[in-house]
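Shared between the two complexes below is chain A, which has chain B as its partner in the first and chain C in the second.
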Partner chain A sequence: MIEITRQHGVTTVAISGRFDFQCITEFKPVLQTDDHRWIVDLSRASYVDSAALGMLLLLRERAGGDSARVTIRGVCGQPQEVLRIARFDRMFTIEAT
Partner chain B sequence: MSAFARDLLEFAEFALRTREEGDEVARFISSLLPDPAVAGMCLSELVVNAVEHGNLEIGGELKCELLRAGSYERELAARYSAYPARRVRVSVRRRDRSLEITIADEGNGFPWRRYIDAELVASPRPNGRGIALVRTRFPDLEYLASGRVVIVRAELRS
Partner chain C sequence: MQADSMELVAWMEGSLARVMSDFDRARALAKSAISSLFQSFTELSAHLAEERAHYEVAVQAINGAGGDAGLVGVLREVLGQFLTDIANVGQCSVRILLEVDTLRGHADQVAKRGLRLEQVAQTTRMISLNARIEANRVASAGAVFGVVADEIKALAKESGELSKAIRDAIALQAASLHTTWVAASNLSSIELDHALESNRRLEETVAQLSRVSAASTRALDRIQTDVSAAIQALQFEDMLDQLLRSIHGKLDTLRRACASAREGSLHLETLREADATVNRDVVRQQDITVGEVELF
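Let's turn to the complex of A and B:
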């Protein structure tokens, strides 16, 4: 499940359960939102796959690429390991649980 | 699967058509391996590659364009209809304390050499990092038959 909230100029996307290719449709509104400051809350995400990594990178592109300010928060378990091996710390600010 | 049943495994084969089916098969096989959550993601990646890039003949550049345009799922549905009989076969053969997992598709081949560079895992593109990611966990990944077959060897869960 994906929830989008906006507060103080920052848009937060909270993802719970499996964040995988089956979330592509649900993630579309995120990619249609014009904003530059994002928090992606993965504290309730149990699993990510490469499609999820792709969605996060599309969000980064949409938010301005190298100048985007996207923080991935609450990372633990399998998502933490996958983001680590994908070296996402080079492109995002990662905050572990 | 119980450890007892796991010890009885010699050979199994799955025939699948969609990426959802591939994901389920990958999850099942990964339950036989240590660290099933990350191993499952890696196996799913290989099976999904076989479905999309192999059987459905969606190239990496096209996939990137479709993802950016938000029309990837529509194209997938069209290609499932265009290639209804194609299957990906995933076989698992036990060799002492390890498993040999073979994934074979019925497409025209896959330019795997383009995708094995370890630096690709850190690419900002929305796709194309899958095989490089898999190699971090299964470094002896082996492609055969112009990329239509990929073999992974992994230690069994103890």
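Let's turn to the complex of A and C:
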């Protein structure tokens, strides 16, 4: 499940449970926002697949490729391991729990 | 000197000569054995150093050193690149899915317009039918109406066919979009558990190798220390040989004293010299690890 909130030019996307290809339709509005900064809260996400990585990369693309504009927050467990091996720390600001 | 004493002295002289002979053989055997052991331990030490060098090269090839990432580094890099590539595939497939979703929206709009076109065609058919009825009612005066009614009917038919064609085309497009959606979904939904499992096994193997490497290094160190201690101990062979020579000399002094006594030429001065020789310590050291080495 995806919850999107916007405040002061910051879009926060909170994802619960599995963050996979079935979230694409829900995630689509996030890619259409035109904010200065995006925060993806994965503290309640238990799983990510390649589509989730793809959505995060598209969000980064939306942010003009600026890693400082997209923060992945609260990542732990399987998502943390995947993001670490995929070297997403080089492309995003990652804040672990 | 009494005859018994003479016999005893002669016996002592002969016994001492035999003891010295045995002693010389024992000394030669010990010298040979120690020399052989020294050579073996020296070669063992060299082999150990060589094996250690090979082992360190192998460990460096696995773990890497300096600018070389090593096998472990290469495997980590490959795994990282694999996931990066998977992420890029995910990005492309998600982009395709989003475009398909947009196309579906457009197709829905076209379908709605096609439906409206169909409604217009239906209305037009009703109008043409009404026009035909009116033309028939006013007989010859309605001839013009008849022409109009026929044209409208033709238009209604054409727009009806057109809307059907649009509907069919949209249905085909929807089927293609669905196929594309399913394909892109399959492409985007790659499970990453195998990659994670591979990474875990790699890290476990690295940790295990590290433990084995540390244990092997400690074992090699211990063996090297023991071998070095053995070599050091064997280097005391020279001191041992001097001690044995000294014992040989003392025995010879005793034998010569016996010979002098037997010949009746044993004097007090000779006895004092013999006593000094027998009681002299050439090596005071009791242990190779304690005290100073006393060689002369």
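The criterion applied here is as follows: the second predicted complex is superposed on the first by the 94 of 97 C-alpha atoms of A that agree within 3 Å, B and C clash if a C-alpha of one lies under 4 Å from a C-alpha of the other, contacts with A are read in each partner's own complex, and residues count from 1 in each chain.
Everything below uses one rule, namely that a contact is a pair of C-beta atoms (placed from the backbone, for glycine too) under 8 Å apart; a residue touches a chain by one contact, two chains touch by 3 or more.
Predicted, not measured: the structure shown is a model, and the values here were computed from it.
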Query - Clash or fit (per the criteria above) of chain B with chain C on chain A - result: clash
Report task. May I ask you to decide whether A:65 touches chain B, chain C, both, or neither, giving the answer as first, second, both or neither? Result -> first
Query raised in the report: Touching A:3, do we find chain B (first), chain C (second), both, or neither?
Result: neither
Requested in this report: Have a look at where A:26 lands relative to chain B and chain C in the superposition and call it first, second, both or neither.
Outcome: neither
Report task. Once the structures are superposed on A, label A:50 by its partner contacts, choosing first (chain B), second (chain C), both or neither. Result -> both
Query raised in the report: When the two structures are overlaid on chain A, which partner does A:85 contact: first (chain B), second (chain C), both, or neither?
Result: both
Requested in this report: Return the residues of chain A at which the contacts from chain B and from chain C coincide.
Outcome: 20-21, 24-25, 28, 31, 48-50, 53-55, 57-58, 61, 78, 81-82, 85-87
Query raised in the report: Where on chain B does chain A make contact in their complex?
Result: 19-20, 23, 37-38, 41, 44-45, 48, 67-68, 70, 72-73, 121-122, 124-127, 129-130, 133, 136-137
Query raised in the report: Which of the residues in chain A come into contact with chain B in the complex?
Result: 20-22, 24-25, 28, 31, 47-50, 53-55, 57-58, 60-61, 65, 77-78, 81-82, 85-87, 90-91
Query raised in the report: Which chain C residues qualify as touching chain A in the complex?
Result: 79-80, 83-84, 86-95, 97-98, 101, 185, 188-192, 195-196, 199
Requested in this report: Going by the contact rule at the top, pick out the chain A residues touching chain C in the complex.
Outcome: 20-21, 24-25, 28, 31, 48-58, 61, 78, 81-82, 85-88
